[in-house]
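There are two complexes below, and they share subunit A, which is joined by subunit B in the first and by subunit C in the second.
Here is the complex of A and B:
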């Protein structure tokens, strides 16, 4: 079905934007709401979920080499239950892709293209992603390889340019109410980290598979440090009003003013976010299309790319009536949704696989 | 958004997808053909439903209904 091969480094580079792109969009505000000045600590707690999820995915992959989550869930849970679990994954990735596209669209409309119809913004992004997905896993991987370094450099530049506006005292008092606020603030970001389960669908196409786990964990570490640095920046620049913004990073970048000349750099924020969101949507879209083809045992997935893109567009439109509802949903039930499908179900699958392989050497 | 325009738009999208994939569609096996048509049909049906009943409860409401009690336990409101 998929004959392309990617390297372990490319896997890490696909994982990075797949989590970062929206994690620095809405999440810092939600984290700040719960953790206040301890918000910089939350991503570190959150990374624990990422590490656990990577371990689960890699263990499952070791039990069933060259198989994706859709294929081995059938072998572990039996035909009907396995198909049902596969359907849950499919529906989940369709729904989540829709939500991501919607987040992207709302961000663009809320900040830049105020009079452009939402459907047009979402549709054009899906169209571009569809062409990437039709090219296969190699194309998506190479696009990440090109764009991720640029995204990292631009984020780093923003942080350096914001240094004059930073107030270190905003982070004090540390642990004013103990460790609990930072843990509570970690609930939302940790669910983003559960998206590391995407590697369960990509590992079979990695050429140097022994390095898969190492690079996936490296990616988790990179994501965690990026989030910590971004949260520090937002906290130092905006202080205790961070929670009142919908897109705190965006608002922080508006503070950049160097020599009264270099100002209004938020257009660059949009540029890197479009790049990041493109990669994120492309990775999710690819996983969804590939899983659908595997679930139905098709021999080629290219034909169903566009029909699924149309469905993603509709789900994006359907997922929430407006951005406030979307933010509320992301701040309340989403973490449990993401964790249930991407951490708990794989964990149950792993237990099932262990039980099936009992007595045998793995 | 006006209803007729949206309906026309979705029909155009579906027809365009079909025409764009026609060469590949001809070569495809029976199963792929069926999947392609069913997915397009599902898309068109969902589009019609969403155009006439924009507020029909969706997967988000279902998920919210299932997991909201947990969110309340953790006081995430």
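Here is the complex of A and C:
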């Protein structure tokens, strides 16, 4: 079905924007709300989930080489239960893709195109992603390879330009209320890290599969350090009012003013946000389309790219009535929702696989 | 057939490529450079200072033609309403162009508005996606409108003047972000620069002047409770570790005339301590100075005189800081120095117990000021200039 091959490095490059793109915009405010001045610690705790998820996905893949999560869940849990688990994955990725598209749309509209219809912003993004997805896994991987370095460089530039406005004293006192606030602040970001389970759908197409785990973990480390640095930046610049902004990174970048002319740089935030969101949506979209095709045992997944794109658009539209509720959903339900599907179910699958392979050497 | 379909699709897509349907051309926008907020009875009056593009840059080509009459690169328009957003709607009625807030350099509060409370305005200003957290915030001793309608002789707008003055950091330099941080911080107090009009020179029109920062407005909660003059403000800057430029003039014992020195680098540390249920704060100031002027007959190449000078400078700094503390801490009870934050950082556990009583505790804190001044260089002169060699006290 998918003939393309990607390298393990490309896998890491796909994983990075798939998590970072939305995690640096809405999540810092949620983290700051719980963790206050310890917010920089939270991504480190959160990364634990990423590491666990990667291990689960790789173990499962080792039991069932060349198979994706949809395929081996049938082998592990039997036909009917397996189909059901597959359906849970499909529905989950459909819903989550919708939410991501919505987050993207809300950010663009809330900050820049205040009067543009939401459906238009979301629709145009899905259309562009659909072309990438039709191109196959190689196209998405190469796009990541091109865009991710740019995104990293721009984020780094922002941080350097904010150095004059940073006040290190904002991070003290560390552990004012013990370790708990930073752990609480980690609950939301860790559910983002569970999205590492995406590799379970991509590993079969990696050429150098032995390196898959290494590069996926490398990607988790890169995501974690990016989040730590970004959280440090907003904390140093905005201090006690970080949690008061919907998009703290955006507010911090708008604060940049160097020599009275290097200012008004928010267009670059939008640029990296569009690039990051594009990759994120493309990766989720691709996984969704591929899994649906496998679940339905279609011979080609290209047929269903556009219909599923339309469904994503609908889910984006239906996922929340307004930004407040979207933010509330992300800030309360995601740990249960994302972790159940992307960490707990895979863990159960892994236990099932262990049981089926008992006595045999894996 | 296939060709016809392709032609049809291509020609249809032309409609999609026609550009931005909701574009806003620059000449449909009214660029706001400054916002003024005044309280008028129960209503809010919002004054926007707008750029007049025709006048911008015209001065150079027209040479002296414009002189005499005002430069007039900006105009002001006002609107009133129950809230700031309401006032903006009324202001928009009076403008042919759409207001654009992305270039707001300064936000001016009239004294009455500042005394009535600024929190609601702050929320609006930070919620609006066009507005910038970098805008400077000042309080005017008259109305905000009277500041914004000025037509300054050198700069293009009075908003630009205020921004440059703020950035020079001779007195307070406060941005919208700083105000938000102070209002939501632990101290329960805020300090904003306060501006007043420079008296008009003879033969100039009444608007041809600038407003300059000469005081500091002290806020408790979100309401202004009073102000302190420039000398006391400098004391506050010392405590807040925000001093950038300062000249200190002292006279030495046993010598006529004065010596002025300028600060090259200064640093202030606030060190809280807690003993037997009493809070103490040590303000530890270190500064490195150069001599700017020596009107005495003392040679500053003499180690002894330098030490004497350093002591006098330190003493002058301590006195300045103490005067500020007396007024702001003991009389106004407003923690604009960030003592609360310092205590919170160093003693987080104790802080949680006292934070509700901070307003009562703050005035009672015993403050000790220490200053350590090092004079580094004498400038270009060795011994004092302009007096005979034998009158110099080596």
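The rule is simple: the second predicted complex is superposed on the first by the 362 of 362 C-alpha atoms of A that agree within 3 Å, B and C clash if a C-alpha of one lies under 4 Å from a C-alpha of the other, contacts with A are read in each partner's own complex, and residues count from 1 in each chain.
Here, a contact is a pair of C-beta atoms (placed from the backbone, for glycine too) under 8 Å apart; a residue touches a chain by one contact, two chains touch by 3 or more.
The model shown is predicted, which means the values in this text are computed figures rather than measured ones.
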- Counting only touches as set out at the top, which of subunit B and subunit C does A:268 meet: first, second, both, neither? neither
- Quick one: classify A:55 as touching subunit B (first), subunit C (second), both or neither. neither
- So, A:333: does it touch subunit B (first), subunit C (second), both, or neither? first
- With the two structures laid over each other on chain A, which partner does A:218 touch: subunit B (first), subunit C (second), both, or neither? neither
- Have a look at where A:319 lands relative to subunit B and subunit C in the superposition and call it first, second, both or neither. first
- Task: Check whether A:306 is in contact with subunit B, with subunit C, with both or with neither, and answer first, second, both or neither.
- Result: first
- Looking at subunit A, does subunit B or subunit C touch a larger number of its residues? B
- Of the two partner chains, subunit B (first) and subunit C (second), which one does A:254 touch, if any: first, second, both, or neither? second
- Using the superposition on chain A described above, determine whether A:91 touches subunit B (first), subunit C (second), both, or neither. first
- subunit A positions touched by subunit B in one structure and by subunit C in the second: none
- Task: Provide the residue numbers of subunit B that touch subunit A in the complex, in ascending order.
- Result: 1, 13-14, 17, 20-21, 24-25, 28-29, 31-33, 35-36, 39-40, 42-43, 46-47, 50, 55, 58-60, 63-64, 66-68, 70-71, 74-77
- Hey, which residues of subunit A end up touching subunit B in the complex? 34, 91, 95, 99, 117, 184, 187, 292, 296-300, 302-304, 306-308, 310-311, 314-315, 317-321, 329, 331-337, 340
- Message: Under the stated contact criterion, what part of subunit C meets subunit A in this complex?
- Response: 22, 102, 126, 129, 132-134, 177, 180-181, 184-185, 341, 344-346, 348
- Quick one: which bits of subunit A touch subunit C in the complex? Just the residue numbers, please. 110-116, 169, 172-173, 176, 237-241, 244-245, 251, 254-255, 257, 263-264
